[in-house]
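Scrolling down, you'll hit the structures one after another.
Each of the next two complexes has chain A plus one more chain, namely chain B in the first and chain C in the second.
== the complex of A and B ==
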């Protein structure tokens, strides 16, 4: 399942639960944490498809035999991905695992490197997500809560189920315009 | 007949914006029936009657100077309301050509364009501007081409890139949106940015509208009307500033409803941009207070019925739940059937 098909009517994405068993010449897995059990599960599933897998991790190592490398930070991850995709056969699939902000950061890098949305599968791990304050443009990390206070401008925000892939974030909009910062209604 | 431009009025703070009798007479009242439901109300944008808002592709009216001053204020505080992704550069020049050409042809008393190959001379007498530039060379304009021209044309403009079977909002000048945000929605597909709208997805409205829009051909633009209510004649009802204006919805009372509540109508106009194949999405906003609107009692009667019977989910999405009843109560006096009941 790609990130787009099931979420056709919504801006909120739906994530992959297993690698889609489509024919391809190569699979690249970008992992925010390569030692995560879900990464191992996906890599095993890919290997079972008899297709070559390259794993690039930001932290951690996968416990079993797979061609893997670790990069030091997000910038070098982007550079490494660009090189890998430059050399990659036409029919390459990219898998990204990590929190939601990491997924869409890598999605943008991959698209900039020429990959189509259908070639990218996103595996969401953990509950961390990004909230975009529409009033001051500040991004902050939240979990599953439906309300938050903007760390920058102090406006109390409703977390809307409206998601921007470009920003990798949900929209936060003032919860109570009669009392934006929760200081008591006039 | 040449358009007469009023001196600058305000869309904020003291809200001095008013419509003249002529502006009321040409107001695009959006309801063809006594009830409202989402539909694919898109039609070919054929030239309308002389003097009407449909006469020209881009309508310039008495509020021109006020609206351009308001846009400048919004951009001064929030420059990112004009956003152009790198792959939309050519579409930006398409928009420059389309807007300048049409304005100079339709309003020669206010706008003039001289073209000598790529060397262009643009004169805007309404804002007292004169600009020589080289078409296609961004360094020859004081700012981004889309920003340069849309600082001189009423209405918001999005530019939609067409690819992968969808339309992508990859550029725009959006300073007077009805409760949405270009800064958040940029980069989204047509389907994604409409995802918060209730009911319409189930009705299949967006799927059909998308097909219609993707088939628009050069020189065969289409249009539709959309509407909501706005408290005070405020143009910048963006999500970005919602924490500043949303509270005004709680201030509507039986005493002030006729002056403060405005019907807000968007004349959406969608032409194909010829070189880039992008779609220009013009959103020209008209505001009219209930008091001004009721100078035409047939409009007031119809608006009464529409608002009284509007489905809760739509009223909620349009942000009028807090004061809808106050508006309906005031409009009832113009509905003979309701008065008799």
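== the complex of A and C ==
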């Protein structure tokens, strides 16, 4: 038997308000922007828990006295995370801060590196989202809008509330099957 | 319910003064295949009633022409293990429920830590066959009492060498659970089978360290603890059934031809969940959430409080 925390694969995700004060051997924080005030608040809260913290940022620096590194792009962030987790103790917690697209990109990398869902805490900053076109499988970034045009196949899409954790994206389905490209009929 | 398998005892081997191994062959045909970590329920006719005790299948899951199980004689036995030790002989027939698995190794684990206490070694014999065949990384920690509950120790030593860590309680050797768990790397899964005290110890240390729950697995079949007698009423037909002190509610229902789905018979798998509408229940399972307990009980382990009358939604 395993007492698995039920994970709802397709419901709208819940994001962390503060680092959960559970025991662990180390914490790693990945920040899309390490200079963001929320990052500082989280790092401070983690340090107060007396657990070792490593911060890896894509841009910016935290004003804090915390062990931090900056990587140049998402690919090197992924590589850095893989190296950090490769020899990590089992009780490692990962915190990721950034927009939703960044969060789920890192979430997938972390799971591939062996972290369980329950060890990953996501902090959502900003409003950008990923939209998945169910017709051509293309992913694009959107803001809060409820409709969009697929960059790839040009179909007008309705943004559904259905969120896929695997893709880190909301599902976009054809808005009007009779007029998929919104060009109006002749 | 799936039909029971008919088997015959083909061999008995006394491994230690309290552990006996049985080789079971099908009465006809071949046996269903099983995955490592599986168990069967043996239907035991003892003292005028049928007990169903769960035992892990030993050995290589690839063997289809026989099953092997090992049974420890329990001092506080309700008669099941005593029957297996004192009455069952070569040539006798037995009925088994087909194999079920509640304790499979995690497929994506990078390292497996197996922790066994005494007779709790049994599910790991099939694990080891499979992990070795796959070339997987693993270590076995086996706590036992030399000469009494150290079944298979010699052959495991030979097969596993350094990967076997033995702890003999007679020599005061202790397994430092905190240290064992703390040194594990990401990607490790741990599996525990043994007495409740071992399980509690692992869980407590894991919680203190912040181990992810999904990395910890345990086998939990224990015979139901006896309690006080009580009675139940079935809603569908108003039938009243008395549950004696030394039988579980599930066993009693089965004896009255009320069959419920069940796998672990130890209050963990959730299969036997049954609704009730009145009466006071002594919940002994580790499956239901506190809120669910107001209307649901697990009859494999839970009972009505002394003298209480329960009304079951059956």
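General observations
Assume the second predicted complex is superposed on the first by the 174 of 186 C-alpha atoms of A that agree within 3 Å, B and C clash if a C-alpha of one lies under 4 Å from a C-alpha of the other, contacts with A are read in each partner's own complex, and residues count from 1 in each chain.
Operating definition for what follows: a contact is a pair of C-beta atoms (placed from the backbone, for glycine too) under 8 Å apart; a residue touches a chain by one contact, two chains touch by 3 or more.
It should be emphasised that the depicted structure is a prediction, and the values quoted were computed from it without experimental measurement.
When both complexes are superposed on chain A, chain B and chain C sit side by side without a clash. Of the two partner chains placed by the overlay, only chain B lies in contact with A:174; chain C stays clear of it. Using the contact criterion defined above for the overlaid structures, shared-chain residue A:114 touches chain C, although it does not reach chain B.
Using the contact criterion defined above for the overlaid structures, shared-chain residue A:72 touches neither chain B nor chain C, since it reaches no partner. In the superposition on chain A, A:25 makes contact with chain C only, not with chain B.
Contact with chain B, but none with chain C, is seen for A:137 once the two complexes are overlaid on the shared chain. Rounded to the nearest 10, the angle at the Cα centre of chain A between chain B and chain C in the chain-A superposition is 60°. Of the two partner chains placed by superposition, only chain C is touched by A:92; chain B is not. Of all C-alpha pairs linking chain B and chain C after the chain A fit, the shortest spans 6 Å.
Shared contact residues of chain A, touching chain B in one structure and chain C in the other: 116-117.
If you check the complex, the residues on chain A that touch chain B are 8-12, 116-117, 132, 134-135, 137, 155, 160, 162, 164-167, 171, 173-174, 177-180. Of all residues in chain A, those touching chain C in their complex are 1-5, 22-25, 85-93, 113-119. Of all residues in chain C, only 102-103, 110, 181-188, 207-220, 264, 268-269, 286 touch chain A in the complex they form. Considering their complex, residues 80, 164, 181, 183-188, 191-193, 195-196, 201, 239-247, 249-250 of chain B touch chain A.
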